[in-house]
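For reference, the structures are reproduced in the following blocks.
You will see chain A twice below: alongside chain B first, and alongside chain C after that.
Right after this comes the complex of A and B.
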């Protein structure tokens, strides 16, 4: 389980995260929802230790973070994180060189699934292809959790469908996924749990299935309620 | 260690085209300068012979590679200066290129399951490797230049030259390729200290952004002041001062060591705890 307890992060004079607490469990797809600037990406970066947090605790499987988490958690940001001069195959070799959890077979399988050409330069990739390549880098390791920041942002319909297919495949099963997206409608049926961020806090944390069956509300309905308060 | 070496290899690999371009430019400019100088000398001698009918060695001194290097030192200095400028700029870029642009490799580097200090030391060693590769290549070029010079100059008018003399004939090489180890230690030591201070300042900026620029400049200024303080306080002529030369030297060394330790510590601390993407 990834657990945030009272996390605070200041940015340009204001608290982007102001005592944020929530959990993301293994085997679940958890979606972080919030308006632009709500701090969704900051949460992901904070979990990965890419931004320092001022206060609070971030625990992974009950333990404070250390460099060991990078074998347990994969991060798929909304942009490329490999040098543009590298070929895709070189990027895969880089990952295999550094990550003990890297699964080369799965990487090859994903490259085939997304129809990616290993010899192509990363710098030449279109936005959609780059997003698919990012997913290869994030899903190939045998990690327990995958963090995905806006995996559908600026991507064409067919690429979105391919990426959405991944969510219902065995590549995601058993793992914990923490996701941010503005395209709630497209993935709503896949999400197990939603965390609505507002004013740097988790305004609401709920099980989507329970919300649907007991209160008859979709995630968007709940969002409307929260933001209209 | 294995991860450090892999990162070092990657850093060198990323700079390879610029490094090869600098090597190629240095070879081209310096060897052309030597060749044109030798051809010019030979032409002068031929013209003298044609005009006077007398042997040129009666009027001209023997052709010497050392003198040719001295006469062409501007063209020797141009690629060297350019290489230094490129390396100074790259000392910034080696960090900033990972933070800015379409691809932010810093995300990946900072989430590698190895110690972050490997990233720091790989970048540091990469810059030093580029410096010493270029210096080594420069040393290699000197005998090649001498061979080119000897091929053009008539054998009976050629005065043998030592490479060490040729190196010393060039003002730039006096700093870059000093004759004594002590000078080498001081010159390159100062260069390495400056690089460490620069890395610490860059990481201050990457950690605290706008405020970090102020911190970085203040830290660099403080280190510079600390380094020149013994010179200001004790004067250049130590023997005339309160301290013995050895004592003044020890003070300077202690200050330098302090700057090295504090810069490395600060850089590693920031990279581990404070830096953000």
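Right after this comes the complex of A and C.
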């Protein structure tokens, strides 16, 4: 379990995260929903240690986060961070050198799943193809958790559908997924749990099927209620 | 594994639990003859991929169907549609009842004598059957390897 407890993060004189608490469990797909600027990416970076957090706690499997989490959690940022001169196949080798948890077999399976051409140069990829390759890099390691920042943002419909298909495939297996989105459309039926982020806090944290069966509300219905408060 | 048709066209409603919509889809396939008594159904994992749902949801649908005796799983063998006639008849009665209830509540808004209504239903129903008679026959009972 990834657990945030009262996390506060100040950025340019404003608390972007202001007492944020929520959990993301293994075996579940958790979606962090928020408007642009709500702090979704900051949450991801805070978990990964890419921005320092002085107030509050971030626990992974019950222990405070540290360097050891890089073998347990993989992070798919909203842009590719690989050297653009490399071919996709070279990028995979590059990752294998860095991560003990790298699973080359799964990487090859993912390349086939997304129909990617290993010989193509990373710098020449279209936005949709780059997003798919980015997911290959994030899903290939044997990590317990995968964080994905806006995996559907700014790419064409068919690429979005292909990416959504990952969530119902066994490529996710028993792992925990935490993804952010400002557009719930694609994933409404795929996610287990939603966390609605507003004013630096988790305004709502709920199990989607329970919400549907007990209150007959869709995730969008709940979002509308939260934002109209 | 061949599963026949009927898995691709599921459109989920976002206000109803997905797992119950999956159960309903199974019932519809059973009454339409697309799934037969005793037929092997996709594994949980395969169902997740076919319907593009989360594996947890697929798991929950199967648990619900097992509890309602719609499907049976013996030991390690794949799950199958029940062969229990009473259960199968109950599903048919349930779906038929629901459809008729919905029709009746919609048609109640119009003032119409029952004879006229029944004649209209009869002619429309015959028309519908003759325009797509193959629907059930062609897709039902998919042969498997």
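Heads up, the rule we're going with is that the second predicted complex is superposed on the first by the 229 of 229 C-alpha atoms of A that agree within 3 Å, B and C clash if a C-alpha of one lies under 4 Å from a C-alpha of the other, contacts with A are read in each partner's own complex, and residues count from 1 in each chain.
FYI, a residue touches a chain if its C-beta (ideal position, glycine included) is under 8 Å from a C-beta of that chain, and two chains touch if they have at least 3 such contacts.
Fair warning: this is a prediction, and the values are worked out from it, not measured in the lab.
Give one of first, second, both or neither to describe whether A:97 is in contact with chain B, with chain C, with both, or with none.
first
Could you tell me if A:45 is touching chain B, chain C, both of them or neither one (first, second, both, neither)?
first
Per the contact definition in the header, classify A:27: touching chain B only (first), chain C only (second), both, or neither.
In the superposed model, A:27 contacts chain C only, not chain B.
Of the two partner chains, chain B (first) and chain C (second), which one does A:77 touch, if any: first, second, both, or neither?
first
Give one of first, second, both or neither to describe whether A:170 is in contact with chain B, with chain C, with both, or with none.
In the superposition, A:170 touches chain C alone.
Please work out whether A:195 is in contact with chain B alone, chain C alone, both, or neither, and reply first, second, both or neither.
So A:195 meets neither chain B nor chain C here.
Could you list, by residue number, the parts of chain B that touch chain A in their complex?
Interface residues on chain B, with respect to chain A: 3, 6, 10, 14, 101-105, 107-108, 110-116, 273-277.
Which residues of chain A touch chain C once you look at their complex with the stated criterion?
For this pair, the touching residues of chain A are 27-29, 164-165, 167-170, 172, 188-192, 209, 212-213, 216-221.
Can you tell me which positions in chain A touch chain B when the two form their complex?
Checking each residue of chain A against chain B gives 45, 48-52, 67-68, 70-71, 75, 77, 79-85, 94, 97-100, 122-123.
For the complex, which residues does chain C have touching chain A?
Residue positions touching the partner: 12, 14-20, 45, 48-49, 51-57, 60.
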